[in-house]
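Contents: one structure, followed by commentary.
Labels run A, B, C, D and E following the written order; every chain starts at residue 1.
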Amino acid sequence: MSLLELDDLSITYRIASGEVPAVRGVSLSVEAGEALGIVGESGSGKSTLAMSLLRLLPKDTRIDGRILLDGEDVAAMKWGRLRAVRWAEASIIFQGAQHGLNPVQRIGEQIAEPLLVHRIAPPEKARARVAALLEQVGLPAWRARSYPHELSGGQRQRVMIAMALACEPRLIVADEPTTALDLMVQAQVLTLIKELIASHGISLLMISHDLSVLADTCDRLAVMYAGRVVETGPSNGSFQHPYSKALAAAFPTVGDPSSRLAPKGLGGDQPDPQQLPTGCVFHPRCPVALDTCSTVDIELRPAGDRRTAACVLVLEERC
Amino acid sequence: MLEAKDLAVEFSSRGRRARAVDGVNLSVGPGEIVALVGESGCGKTTLARTLLGLVRPTSGTVSYDGSPLTYRSKALKAYRRQVQLVLQDPMGSLNPRQTVYEAVAEGPRIHGLADEEQVVASALARAGLRPPERFFLRYPHELSGGQRQRVVIAGALALDPKVLIADEPVASLDASVRGEILALLLRLRDELGLSALVVTHDLGLAWNIADRVAVMYLGRIVESGPTEEVLKAPQHPYTQALLSVLPESPARIVLSGEPPDPTRIPTGCRFHPRCQVVAAGNPIASKCRSDLLPVLPATADPQSACHLTPKLLG
Amino acid sequence: MTAPAATELIEERPARHGMLRYAAAKVGGALLSIAMVIVATFFAFRLLPGDPVRALAQGRNMTPEQLDLERSRLGLDKSLPEQFLQFVNQTLHFDLGVSYEYKRPVLDLIGERLGATLLLTGTALVMAVSLGIWQGARAGWKPGSRFDKFSTGVSLVLWSVPTFWLGLLLLMVFAAGVGPIPGIFPTRGIESVDAPDGFGYILDVAKHMVLPCLTMVAVVYAQYLLVMRSSVLDEVGQDYVTTARAKGLRDDEIRRRHAVPNALLPTVTLVFMRIGFVVGGAVTVEAIFSWPGLGQLFYEAIRVPDFTLMQGTFLLITVSVILMNTLADVVYHLLDPRVRSA
Amino acid sequence: MSSITWTRRRMALGRFWSSFRTHRAGVIGLAILVVAVVLALIAPLFIDAGVTNVVSGTGEKLAPPSWDDPLGTDESGRSVLLMVWWGSRTSLLIGFLAALLSMVIGTVLGIAAGHFRGWIGAVIMRITDWFLVLPSLVTALVLAAILGGSTVTIIAAIGVTSWPSTARLIRAQTLAVEARPYIERSTALGGGHWHITTRHVLPNVAPLLLASTTLEVASAIVTESTLAFLGVSANKTSWGTMLRGSYDWGAATSGAWWYILVPGLCIVIVVMAFTLCGRALESVLNPRLRRAV
Amino acid sequence: AEAPASKVIRVGATQAMDSMNPFLAVRLVSSSIHRWMYGFLTVPDPKTLQPSADLAESWTTSPDGLTWTFKIRQAKWSDGQPITAEDAAWTFNKMITDDGAKTANGPAVENFASVTASGQDLTIKLKAPQASMLDNPVPIMPKHVWEKVGDIAKYEAEAYPAVTSGPYIAVEHKKDQYVKLKANPDYWRGRPKIDELQVIFYDNPAAAIVGLKKGDIDLIGRLAPPDFDALKGDDNIVQWNQQGRRATYLQINHGATTSDNKPIGDGHPALKDPRVRQALHYAIDKQKLVDEVQNGLAKPADGSIVPPMYKDFFWEASGDQKVGFDVARANKILDDAGYKLGADGIRTMPDGSKKLTFRFSIHTDAPIEEKLAEYLTGWFKELGITLTTKRLDSSKFTEETGTTALFDIAISGWSVNPDPEEVLATHLCSRRPTASGEGGGTESFYCDPQYEALYQQQLKELDRPKRADLIKKMTERLYTDAPVIALYYPNDLEGYRKDRIASIKPIPEENGILYGGSGYWPFYTLEAVSEDGTAAADSGSNTGVIVGVAGGVVVLLAAGLFLARRRKGVVDDRE
């Protein structure tokens, strides 16, 4: 049984002007000890997906399909059970490290909070645990008495990681953990995450819009476009879906002569989730679109080497 | 064409003096695209703003076409017809209450150009928004990110500048759109002979479009030269480290700590506290700690400011 | 593979001396403000039409000699700069002049009434602030809820009511009694003439405070509610709130432990910034309920008009509001870790 | 092209209206305001200042509401209904003009303080802060007492004491606007102080200004009545002076509730309407608050 | 703390005590309280209002009227010390020598040349004869207590119990709140019939009325007409409505001059013409003013500044002399005098130089004057005269209408003492200000030889009926020459609870006033309804308990609600 299993998950926000289908029929699974990366443009529904795992979305959001955390349906949990699951079973590292921490509480208190809430450690022991956690992420123990603004961005993100580890959850969801960070600091944080995941045997669901970040950290990748997963596969293979390809090409390899003085990109605009194109949602921007693409919606299909992709061309190549 | 000489900019922040730019020589030739790369807070934006005359340098000069910039408002205004700015965040660079037409026409209006509508239409067309009339009355929020950035570029082009200074022009854009804008910059260079200084922290971007790269660390340029040479055979340990954390690189050198702050610049080589070569116990490390390095001149040849460089080269 | 943590090692504890400098700057600013008040007061009251000496006489017959004597006693025969210096000097020595009406030092008169005003405005302020903040926090936490609609609605209606009018209505209803409502509350003052001692006295004063306090609280608390509401509203969507929820905290725990402390700090500054408003309200409330406080004194000074008294009360009220503000500012900076060492 | 611009503007207005319409309280407030203002404006078509003349007041003194005088009469037998109708002109006039004055001062100083950093801004801020902490009612009272009571002095007293909050708001907004990159871009295009403040800052603060002015009118009306109650009034019949009259002539003790309630309720309703309207405007126009509703 | 049988009467006042020091206090409430506390040389007789013995048992005058000898009564101060002439001499001498002590009653000793004492005999030597000598308004203070006071001008006299010689002893004063007075058991006339008298201060007249109706206070004087009307219909309350000691009149700038007869001010020239003043007088419907402004609780004035309450001195016009409301006649007077009506309905001066537009100066914050102005404006309009209202604060008002003469018509009024000399003096030439604006105290800038002569005559006339005749002649002169136009004599309006006050004697005993009258009679003779001495206090503490309990309940409920909501909050978690 997978640690996390998403089964035909659809999430629809309700706003004044109608419904926003942010996630549409996503099925994914994360095995124990596995690191799955989700990549996609802004607005493709990545964060929505992450938030749904612990039922953190606004009240009136409609969720269809199933989210199974360790075999248990998150949507069906009672409040008490849900609160017990939150953080203890799965924790989240949010995008903006500077905002994920309460600015007027000392860092130590914030790290200790889940320990106390879940009664994992009594207050007197919690302090020692906080110190240990801080040390694990490479921060001196006295930092527990600091306030978030006294730390740099990278240090804050380390605190977030320490906090996520506090209850020793089996799954950590990291939603763009390095986006706001500088190149070198980003490398530091990613290295840290990788080491910790490996040493604790924790599963990781990492979200980013930067392929290069994920390629290095994750075992498997899922590419999202307009609320859909359009391709899944091992992180070291080559992409099949034209969108994934375009995404990969946008991050050139330094030293690769083919991209020298020849930036590549994708024309057109992202689709408006409230007015999705018919057929394959990618077809208006697709450089290799066929006529049928505007009418036929393609499901994920096998594309060789533990890979699936949702593109007509993939099938044709196979056959 | 555009040249900075011994430029230094100081800010006083919380009672201390921050030397955001600390002795920079840099030139951008006609039709040349120069990329300025470096970590966050190393002074890239400050340098760019100083080049535009938005910030007055503490010392040193900015000169355009050989004549140094004066800071009288008239001279500045004239200068700004020649040198234009494109900022990182296209949404923020457009006044949400102005239509595309008004946004692009702002420059011509300030400078009192004749035939405004014609100027605006051609600028939009050159920025790749065709047919321009279709966009005249749109508001920024009705455009996609890439289109917005094109409008900003069109606003700059409307004044027929010779040099474009772009501060992280694609950093806030989606990966898929980024290529388009970079392609536009290249095309403008080819078609109009526009020079550009592109400020970025993304080495891939430099590789994509720049003729020359300058690497900046803590207010100084530590290495510069033609793109191919700098990015393929970096001389300075800092550049090497930057390149090593790119995903494809075989061995990573992750520098620890944050970029030091410009209020406390280390003595000797300013990079030495983080330098992997010093840390590895290189014999000349003591020299790195104490001896100052010369400021690199504004030449096009590959050069690097490091005590080790001659040895490494040699 | 990883270079040594050089910067990590040389890292030092955050410095605190920024706070002192901040406090010094604030106090300096307050002193400047007070100086401005003194200058403005001097010139404003010198602009007043009429001869202060004659005003002092209040229509009684005075010989030219007496008038001259008075004039030199008040220093009015000197030149304007000299008068100004004298005024500043006296003010700095807490000499606010002698009331025309009472023939007594203004400072004494103020001193006698300060306690009553502090009691009333202090209680009202504490009640209004706690009520406003409590309701505002709840309303902002669940915007659009019934509680939100109700409390915001009620507070907005009360906010629109002129203080004196509400006071009069309350007086007519709860002190005089209307229909079935008995007039159980006293009609005036701070205590009964035959107030008992000890606890009974406290009870008696409390009874006298009910209506004036209610009036002030009713009109004033809306602004605290609204400010608190919108600052809590600002916090609702913050990432750290989501984090707290993801940590498994209960909703009310999140509100109390995370959202409110964050929302409180900006609210508190506003509370103190608008203290002048409360003081203004005291003028009418004290007049309606015959409360023997500063507001009443000021009202009396205006009606007579007794310019030294007016000037003295104005100076005192303004200066104390400025000082309160400064104090609040500094305390706020002491309390808020975000600004403490930033 | 200008016609297209006009169409766009109208569409923007339409968008604004359709989002304003979702604020039920705001719409109710607006409706009340429109009715109140229209009534005040057309009053001279039906009545004149004569309704406030005691010599021609024919009714019985302090008569309760009846068919002849639907809202009763005052101490001189004048119809309270006609008096509040006529008095609304003064109350609203003072409210609007005082708010206008305060808005003009506040906007000019606020923008200047936000735009010019350095000592100019610092000095303006110092002055603003100083005025802000002054107890405004007390100051207005002293001012009006010094200047003597008339419509103009009342307006001046209210306007001069109430601008600082506008100035602060505008300054904050100016700072926010000036932090936006498009200001930098405009400078880079060669725009000067005048260009930036009038082309970018002013249009951006204008909507907020509208909302804050609306709220300001509300508080000016209340302040006018309080000043009138404390004995400083314009020499005209206004709701405030009527309330003062009811107080002076013992309406409360003689059980003439209509004389106390009617002008008071007029104030409450109109002030409330302004407040609701202003808050709705604020939440429509201020994106920071927009998501809150 | 008080024995249950103690009889307490509470008097409301809409003015607070300004000072407990009689040398400084000028407010009416203060002088009333001081009258209840201290003896005077003489006190107006409760029936005739003529001076009668108080601390001075008897007195003699020297033939030239310059030396007065008073025999001080053998009585005791409330601390047991005997009262001697020394006390009186000290009091007067203090006032003569110490400027600070002159604040309240300075003019009363202005004419004193010397004051000496020997035993119980007090000798006062005057600079000039003075008929009002027996109406001396100065309370006699205990020398043995007050001589220890350093600076009288700064002394607050807040030492309790006060040492007094009158019917009451002040025992407590809370500023702006109340004064408590105990009956003086050793009062030489005998102990008052009640035990305690309290004076409670209200800022808000409406609250005071409520207080009277509720029984918080038992008596309140000096009511405004609407407040008085508001007491109607309450069975427990006696509405006391009597002629008052006040006259309300218009002061007309009929050509103000300084004491050296130089014109001053900017009065309208038309008002110099007695015919215009006459016309204005005819255009005033005094009855209507009384009805509308005073709710009928006043007497229209057909006389001048001395009110009918003082029967001896009151003079009333009759027959031809009487000016009634007659707009037609007023118009005719103006027409005849050549003030032609312009096209705009406004009259001009006969030479056409100036329109008849007068200013009417009133006080700010005076509703009755405000209303008066509205009526006058209405009537004068019918004469073709425009009247504009000018509101002035009291100091400015005093200055403009008393010194600089920057007015046309001004409101005025004067409370008249049993001896009207002072009010008559306000219309003397000598009261006009000097050219430099010093001195003054005139009520009209009047300077009329005939009037001056009459005044001098009455000063010397010690025979009361004859003096009264002279005084009547003076008022007649004021009526016909119209430098002032009396409008009405407001009634004295008061109210008291008959379930608390069994009897109270006004002063004068026939149709007199209760509170604020001269002398202590009403409050000395005051009798409380016996059985119900502590009722008010009881109910007070009861409501206290009720409120306390109610408050507690509210707090508990709120706390309960809070807890309940919190518990609910656990269930009502959000998503």
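We take it that contacts are C-beta pairs under 8 Å (C-beta built on N, C-alpha and C of every residue); 3 or more make two chains touch, one makes a residue touch a chain.
The chain lineup, named per UniProt: A, B = ABC transporter ATP-binding protein; C, D = ABC transporter permease.
Predicted model, so just to flag it, every value in this text is computed and none were measured.
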Practice problem: Any chance you could name the chains that touch subunit A and subunit E both? | Solution: C
Quiz item: Which chain's mean C-alpha position is the greatest distance from subunit B's?
Solution: E
Practice problem: From the Cα centroids, identify the chain that ends up most central relative to all protein Cα atoms. | Solution: C
Self-check item: Most remote chain, CA-based centroid, reference being subunit A
Solution: E
Practice problem: Considering only C-beta pairs in contact, identify the chain pair with the most of them. | Solution: C-E
Quiz item: Roughly how many whole angstrom separate the Cα centroids of subunit C (ABC transporter permease) and subunit D (ABC transporter permease)?
Solution: 23
Self-check item: Centroid distance [mean C-alpha coordinates] between subunit D (ABC transporter permease) and subunit A, Å
Solution: 51
Quiz item: Where the centres are mean C-alpha positions, what is the separation of subunit D (ABC transporter permease) from subunit E, in Å?
Solution: 43
Quiz item: Where the centres are mean C-alpha positions, what is the separation of subunit C (ABC transporter permease) from subunit E, in Å?
Solution: 38
Self-check item: Residue numbers of subunit E (touch at least two other chains)
Solution: 206, 210, 365, 393, 573-574
Self-check item: Contacts with two or more other chains, residues of subunit B listed in rising order
Solution: 252, 254-256, 258
Exercise. Specify, in ascending order, the residues of subunit A that touch 2 or more different other chains.
Key: 191
Practice problem: Can you check the complex and tell me which residues of subunit C (ABC transporter permease) touch subunit E? | Solution: 49-52, 54-55, 57-64, 66-67, 69, 101-105, 112-113, 142, 168, 171-172, 175-177, 183-194, 196-197, 200, 203-204, 206-207, 210, 250-252, 286-290, 292, 296-297, 299, 303-305, 307
Quiz item: What does subunit C (ABC transporter permease) use to touch subunit A in their complex?
Solution: 2, 5, 8, 11, 13-14, 238-240, 242-250, 253, 257-258, 261-262, 265, 336-338, 340-342
Self-check item: In the complex, subunit E residues that touch subunit C (ABC transporter permease)
Solution: 1-2, 8, 10, 16, 18-19, 24, 26, 99, 103, 106-107, 153-154, 156, 174-178, 180, 198, 200-204, 206-208, 210-211, 213-214, 216, 365, 393-396, 398-399, 402-403, 431, 434, 436-441, 537, 540-541, 543-548, 551, 566, 569-570, 572-574
Exercise. Using the touch rule from the top, collect the residues of subunit C (ABC transporter permease) that touch subunit D (ABC transporter permease) in their complex.
Key: 29, 32-33, 36-37, 44-45, 47-49, 143-144, 156-157, 159-165, 168-169, 171-172, 176, 230, 233-234, 237, 273, 275-277, 279-281, 283-284, 287, 298-299, 302-303, 305, 310, 314, 317-318, 321-322, 325
Quiz item: Touching subunit C (ABC transporter permease) in the complex: which residues of subunit A?
Solution: 51, 54, 56, 82-88, 91-92, 94-96, 99-106, 113-114, 117-118, 138, 140, 142, 146-147, 149-150, 163, 191
